[in-house]
Amino acid sequence: MTNDLMLLMPLIIVGAGAILLMIASTYDKFTHELAAYGSAGVFAVAFLVQLSSCIAGNVAPFSEVFNGILVVSNFSKAAGLIILACGCFTALSSQTYFRRNNFCSPEYYSLTAFAAAGMLLLTMAQELISVFIALEIMSLAIYILVGYDRKNVISTEAVLKYLMLGAFAGAFFVMGSALVYGAAGSTKFVKIGQYLAANGMLHSPVMIGGAFFIMVAFLFKAAAFPFHAWVVDVYDGASVPVTGYMATALKTAIFAVFANFLVIDGALQHKWITFLFYISVLTMFVGNLIAIGQQSLKRMLAASGIVHSGYLLIALVAVGTKDFTGSVIAFYLAAYAASTLGIFTALSYLGGTGEARKTFDDFKGLAKARPYSAAAISIFLLSMAGIPPTAGFMGKFYIITSAIDAGQITLAVLGIVSSIISMWYYLRLIIAMYFHEASEQFDEPAPSSLAPVCTFILVLCVFAISLYPIAV
Amino acid sequence: MFEHVLSVIIFLPILAGLILLATPASRSVARFTGLAVSLATLVLSLDLYAGFQATGHLEFVENIPWIESLGISYALGVDGISLFILMAGSVLLPLVYFVFGTREKGYYANLLLVQGAMAGAVCAADMILFYIFWEVMLLPVFFMLGLYGGPQRLPATLKITLYTIAGSLLMLAAIVYLGVSYHAQFGEWSFAMDKMAALNLTGRVAAVAFFGFMIAFAIKIPLFPFHTWLPDAYTEAPTATTFVLSAIMAKIGVYGVIRFVVPVFDLEFARFAILLAYAGVIGMMYCGLAAIAQKDFKRMLAFSSASHMGVIALGVFCMNIQALTGSIYQIVAHATSTGVLFLFAGILEERTNTRTIDDLGGIAAKAPVFALYFAIAMLASVGLPGTSGFIGEFMIVLGAIKFNTAVGVLAGTTLIIGVCYMLWMFQRVFFEKTASRSENFKELSLVEGLAFLPVILLIIVMGIYPHPFLSKITPSTALQFAQPASVVAQAPASNAQNLGLTIEQK
Amino acid sequence: MFADGLFIGFAVLAVLGAVGLVLFRHPMNGAMSFVVTLISLAGLYALLSAKLIFALQLIVYAGAIMSLIVFIIMFLNIQPGDLPQEETKLFYVLGGGIVVLPIGLFLAKIVKSLPEHSTEILGNNFGGVKEVGLLLFRDWLIPFEIVSILLLVSLVGAVILAGKRGTTK
Amino acid sequence: MMHCYLYLSIILFCLGIVGVIARRNVFTVFMSVELMLNAANLAFITFSRVHESMDGHVLAMMVMAVAAAEAALALAVVILLHKHKSKLDTNVFSLLKG
Amino acid sequence: MEQSVNYLGLIPLFPLLGAVLIGLLHVFTCNRTKLPEKVYGILACVGPVLSFVMALKVFVALKGLPPESRFLVHKAFTWFSVGDLHINMGFLADPLSCLMLLFVTFIGSLIHIYSIGYMGGDKNYGKFFAYMNLFLGSMLVLVLGDGPVVMFVGWEGVGLCSYLLISFYSEDRSNVLAGNKAFIVNRVGDLGFVLGMSFLFWAIGAQGFDYLSLKAHVNDPAMTQGVLLTVCLLLFVGATGKSAQIPLYVWLPDAMAGPTPVSALIHAATMVTAGVYMVARFSFLYAEVALAGSIVAWVGILTALLAAIFGMFQEDIKKVLAYSTVSQLGYMFAGVGVAAYSAGIFHVFTHAFFKALLFLGAGSVIYALHHEQNIWKMGGLKNKMPKTYVTMVIGALALAGCPPFSGFFSKDEILYSALATGHFGIWAVGVLVAGMTAYYTFRMIFVVFHGEPRDHHAYEHAQESPAVMTVPLIILAVGALFAGLLNLPAIFGGDQIVSHWLAPSVTEHHPHAGVFIEILAIGASVVAFAIGIKIAYAKFGKGAPEPSFTGFADFAYHKFYVDELYDKVIVQPYKAIGSSIWKVIEPNVTDAPVKGVARLYMVLGTAFKVFQVGYVRVYALYMVLGLSLMSLLLSQSLN
């Protein structure tokens, strides 16, 4: 039990931190700046604990906690690390962001911590209803964060769209769980696996239907085609740090649980390969096409998030169910998180009051005024585009390698084609920043140095992650 | 000679470039740093050259495992083929700092970056490492072109970048395919270049992978009909970039063909060689003809460069040792001659503020040294015997005749086509009456003159006494043709075939 | 037989309530109609021997949640003008029905593949408070605990989104 | 008999979907989602009866709790929407597009 | 068999070093303080004279060897060696190359000395001598090279120098254009040379790619008739370029239009004979395939005819000489074509003297008349310029083939060989051309020197040229008079020294057609000469007005519009193709897919924005539609 608790320590720290922050925020003297430092501290501590358990406690890969409802594996630890790091950076960049945008209260940071708790649970959950509850914890917290700027109708619209469609997708999840429960008699992954091993997938249509509906919810959260439409609007409506948080931590959690779910049984995964194949291809291409036409940076990044979901789906298609380590997925998520979060962190101090700078054109000539920020953004963009020597390239390389190794050559090639297509809109921002004359001075100083520092650290991460060797 | 000399050659410029970028260094500091670093690299390269044994195999090997689970390592080494491209870069790049003294910091920093990356691409002995450097070398070009290029630079920048990246990403897929095939056939992961020759690749996917490589290299070279990015990019780019693109980067495309396509896809290559050879020849003629229609001397040189690259590529596709060796020799010859020509074009542009041929005239009278240097480089470019250009071109045509008579005869027309536009341009720019634009054309300064002198001498020495150079190249090229046979002998055919099929059916 | 009759009755009521929810223009009418569905479902739960759930459905769902919804509807004091003009509602509903049909058929198909099973009311303590409670606090402790976090989040959320507090301190 | 329960569940579920995609009234949409959750709950309870295990009951309780939480949030959002535009029409909120 | 000596390489090296030295001196001083002209003059003459001395040494050394083993070789270094291809920077002196060597260095030296005076006061004095030295060095490489590749170095080198010399006064566009034309046309020929070499290499080159090895392997089975013919014809294409034969003769008259008689002379006397030398050099190939020889002979004699026709109607004194050069070159090819290699080479030799004489004489005239080149503006100059007149008449007689001047013997040898080997047509045309030659040569002499002055102003100012220019004229006149005696045929009591000397180098079979044939040949030539000179005298002997050409004459005056034809058929289409590639094909065909993809890309990008309508209900609809579709598919798969 102590061992169990030790493994759950990061979750407990984050959860407790969230509650403490929530309570603390009732005191008037507890400013949102303090809350920012507090939540960053909570995330940092949790991150370090997680890291130490990653390094030291090489527990059995599938050590069960709490009756098989939660399972801690190396994969979930890695995903947890990413989530916690994202949380920490989000907290810090939010502090900078809210220096200039005046709608924060300390609960904001409490909610980021709650969301992180939900995400951590999601990475570990091995039981459908727990997955659902974790999903909802995460989602509800994020809904609130999205709509945090209550005075802003855009923000409210975003939360409406997200909440409505999220709840809609959640309903499918519940229905799917019910069907799986009907077939297997249990909602625990272990039991489902045993049932599938005994009966085989094809002989259980209910199982197929249930898994199908469950995947719908995952695909929705991951913004895969055709469940992608919300993502552009919601990212656009949310404030920059929240968008960054959503784009990275949430996606990490979703793909972690998605992978965990898919690898319950080889037959389960195999059944969906064709579907996921088409979905990932369509996701990549539709995402790209949406991204091409965008003028707003956030919307472009949202659409590019769709594309990256497509790449991750390739990894899911190619993932081996035996000896699942999820290293490729985790690596890609880490690489993607570092670069995406980096951009949003940079935007959080470059965006101006009320996010006045939205479009590509607004960032023209940034390189002259803010060379380091522009360089950092360029590096993040190149990483997202998959140009070496950044982490994004290695992530893409691993995904392609695993896809080809799994015999999915067509998928790999389509992934490549997609990343060719995506090159334009990443380069577009670099071109705007570097090759155009400035239309304004960008002379307002960064409201605080936290976000710039985070940006710098994330640049280092982008390169450092690329050097970290993993096994496919 | 110390152990990690290649790493130093690669990373010294890269580090210097990054440091320059990251610090608010002044222009002159940047220029001086660039000059110092590139000269240091030159010294190291000369040392390397002196120590090169010409065994035909990789020398100065460094190998540090990186991603062991996939057999990826930080592996470097040079053989006779890569050595000369490396040398071309090391010898030529210091010139830029002599010639252009008043550019911005980023100009010099990017130049350093691209120098390191190109050295890396040439020295890499691991495919992934190669790919990394291959992509990295595009980035400085992107920035230099976009930041310091001519008025129409943006479309040109986009075109070259997207075009090249499209090609290289396809190559990435092909590289991964090779690695996976190696894993399937030999049971271990490896991305080492020299091991790939042992692969037995058949079937549709192999052909696709072959084209994955070929298209990437064809774009970089550029081979007809993938050359359309070239005129704009070469014309709009700042001179140093054009110089780098034409003198060295294009050659790395050819190098890639020699390194990857020829040994690994020997079957596919033999099958498509005639097609590719025609692409080379047609490209040569097409670009050569287009060159005559140019009014802008830089664009004319761009087409000229593309035309010559067609011949060089042809040499690789002819599959005999004379043509291949000729190609490599021509790579160096063309790097020196075209590189110098582009630098001179830059000087012309800078001192006359025009790129239009018709605006100029009579420069030979104003600047005899400049004209002499230009003429020597031009004559090397048209392949006059006694200059470096002849040896390679002759061997390529010779080899092409052996390969296919029609191709050979067409390849020979480069003798005529090249001379037409070059003389035409030379006549208008250097001869005739002095035009108003060139009235005050300043002769090369003493420093510039001395800086170019070694290269000009090299052009002549390489034409008159090429034997020492060739004797370092030939062992490696000979090995290229020896390899397929030995592999066939080593690998049990049936076994390999089965494994080859499994990967396809998966 | 009696149970079958009850089932038919509840089922018809539930469907009618649901149809009403979809079709009524004013949300208040829809909510009332939905309450009918919820109560019918409670009856069905009872028929399925889920005693605790039967009670919870009535208390929590039909009672608490629906009264909250109705309260908000009343609270907002919705005028007919506030409601969307949905002249083509029926068209949309029919179109929606057609679109949804494949999903329904698919679900029906997989359900059909299941072996039929009797749903006689179980006499023992199946579904009773104690049994379910034991299960809840022994096997399902973690979900139960995390639901509390969920509720906390929604609490905070409701306060933040709908509250009147000043935006910053 | 089990089939009948499940068919009913399916019908309710599909009606919920239709409600979500066909209606513009925010309340109706949210209640339709609730309807879908209830349909799922019915399936849970039915399967619970079939398997004669009470896990399904626990799950249904959890779903109810989530539904309640979601409803609370949804209503808060509705209030917020009403504050902004005094409309309950989802189509009114389409500033973000393209 | 062959003897290795280490000084052969020095022969071309002297002038080449001189060229580099002078060139550098010139380049570094031309825009600053100039060096005195004497420095250049002396430096420039050192190389050629040393080479000439070395050539004499070579000659002596060869003379000392038995005739069958008169080979001196010098392998300076391995030039390049790849696979089977081994090329040495090697030099070979055999009787053939020695003969060429002697007269090239001799005439070259003379020209250098002459130029010291002629070029005086030119601002690019140094540059000129650098080019001259470079030219001589290249020519010597061409002559001495031990294999085709080394020969090609010199071959292209002289081409380059001809380009540089023609466009020497580069401020005048027409000069540069003429230079360009020379280089490009030569390059066309060079393509043939390179291709010929390539075929030759792949047939028998693997065992060594120098003349001696090639000669030894010429009967290898790989050397089929087809290959032989291909190689011979391709090499001949090279020769037509360099030696101005049909169809590549067009550059030479333009080159003459250049400003320097000296450079014109170089082209006329030495460089253009390289093609003849090359065919003689490869006589071992041409001897194996008779058809190739016939083609060479016919092309040669037709060129001779064509050029003679053009020459009859030219008004520029140098153009007349230029066409006469082309015509004489045609004779030489006719000679080597009918396998009379020694006759051909001998004509090269004699032609060098009398053509040099004529050019220098013409130069003298032009110099005296202040750069007037139109013969219709001259007249009656024989009184003003007696030395020039006398020497030029000697040259003209030699050119026209008047016995016993040198030209008579060499030309007669060629015509006799044609007749003796049964090439009756060639002989007949040759005789006709001989008559025409006499006609146009003396037309020029009469118009320029006899009659009344046409331009009195110029005539008043005309005076005899200074001694530096007349002395070489006299020396050359002596040569033109007596050079023919070197190869005096048996019928005149000679023993054909040159032919015997050349015998080890060239593969030829001396036909013995009998005295009758020989007399017939000689007689016909003399008669033709007499007729030609008679007509010329009749028309121009007592002065004549400038004729206006009509009909055929006009056609011939315009050189059959060949230049215009080439311009229309080759040059303009070439440019048109170039600009259509750039303006039409590149943007609309080659680049079209790229542009199309880009456009499609942007269109799709804009089109997809439509789907982001912003209505949440529609987003839900997308989800449901997707789900429905997937449900349908899944339902299918369930069965």
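Assorted remarks:
Labels for the chains are A, B, C, D and E, by order of writing; each one numbers its residues from 1.
What we mean here is this: contacts are C-beta pairs under 8 Å (C-beta built on N, C-alpha and C of every residue); 3 or more make two chains touch, one makes a residue touch a chain.
Nothing here was measured: the structure is a model prediction, and the numbers come from that model.
Any chain touching chain C that also touches chain E appears here: A, D. Once CA atoms are averaged chain by chain and compared with the all-protein CA average, the nearest chain turns out to be B.
Among the remaining chains, C is positioned farthest from chain E, on the basis of C-alpha centroids. Across the two candidate interfaces, C-D and A-B, the one carrying more C-beta contacts is C-D.
Averaging C-alpha coordinates per chain and comparing to chain B, the farthest chain turns out to be C. Rounded to a whole number, the gap between the C-alpha centres of chain A and chain C is 31 angstrom. Between the Cα centres of chain B and chain E there is a gap of 37 Å. For the pair chain A and chain E, the distance between C-alpha centroids works out to 77 Å. Chain centres here are Cα averages; for chain B and chain D they lie 64 Å apart.
Touching two or more other chains at once are residues 6, 13, 16-17, 20-24, 29-30, 41, 46, 48, 50, 55-56, 58, 62, 66, 69-70, 73, 77, 80, 90-91, 93-98 of chain D. Contact of a single residue of chain E with at least two other chains is seen at positions 609, 612, 614, 616, 620-621, 624-625, 627, 631, 634, 638.
In chain C, 96, 99-101, 103, 106-107, 109-111, 113-114, 139-140, 143, 147, 150, 153-154, 157, 161 are the positions where the chain touches two or more neighbouring chains simultaneously.
A complete list of chain pairs in contact reads A-B, A-C, A-D, A-E, B-E, C-D, C-E, D-E.
Remark: chain E residues 23, 26-28, 30-31, 77-85, 89, 149, 152-153, 155-157, 160, 163, 167, 170-173, 176-177, 179-180, 183-184, 187-188, 190-191, 194-195, 197-199, 201-202, 574-575, 577-579, 581-583, 586, 590-591, 594 touch chain B in the complex. Taken in their complex, chain E has these residues touching chain A: 601-602, 604-609, 611-612, 614, 616, 618-620, 622-623, 625-627, 630-631, 633-634, 638. Of all residues in chain B, those touching chain E in their complex are 159, 163, 224-225, 227-229, 231, 286, 289-294, 320-322, 325-326, 362, 364-366, 368-369, 372, 379, 384-386, 390-391, 394-395, 397-398, 401-402, 408-409, 412-413, 415-416, 419-420, 423-424, 427, 430-433, 443, 464-467, 470-471, 474, 477-478. Residues 375, 382, 386-389, 393, 396-397, 400-401, 404-407, 409, 412-413, 416, 419-420, 423-424, 427, 431, 434-435, 467, 469-472 of chain A are the ones that touch chain B when the two sit in their complex. The residues of chain E lying in touch with chain C in their complex are 621, 624-625, 627-629, 631-632, 634-635, 638.
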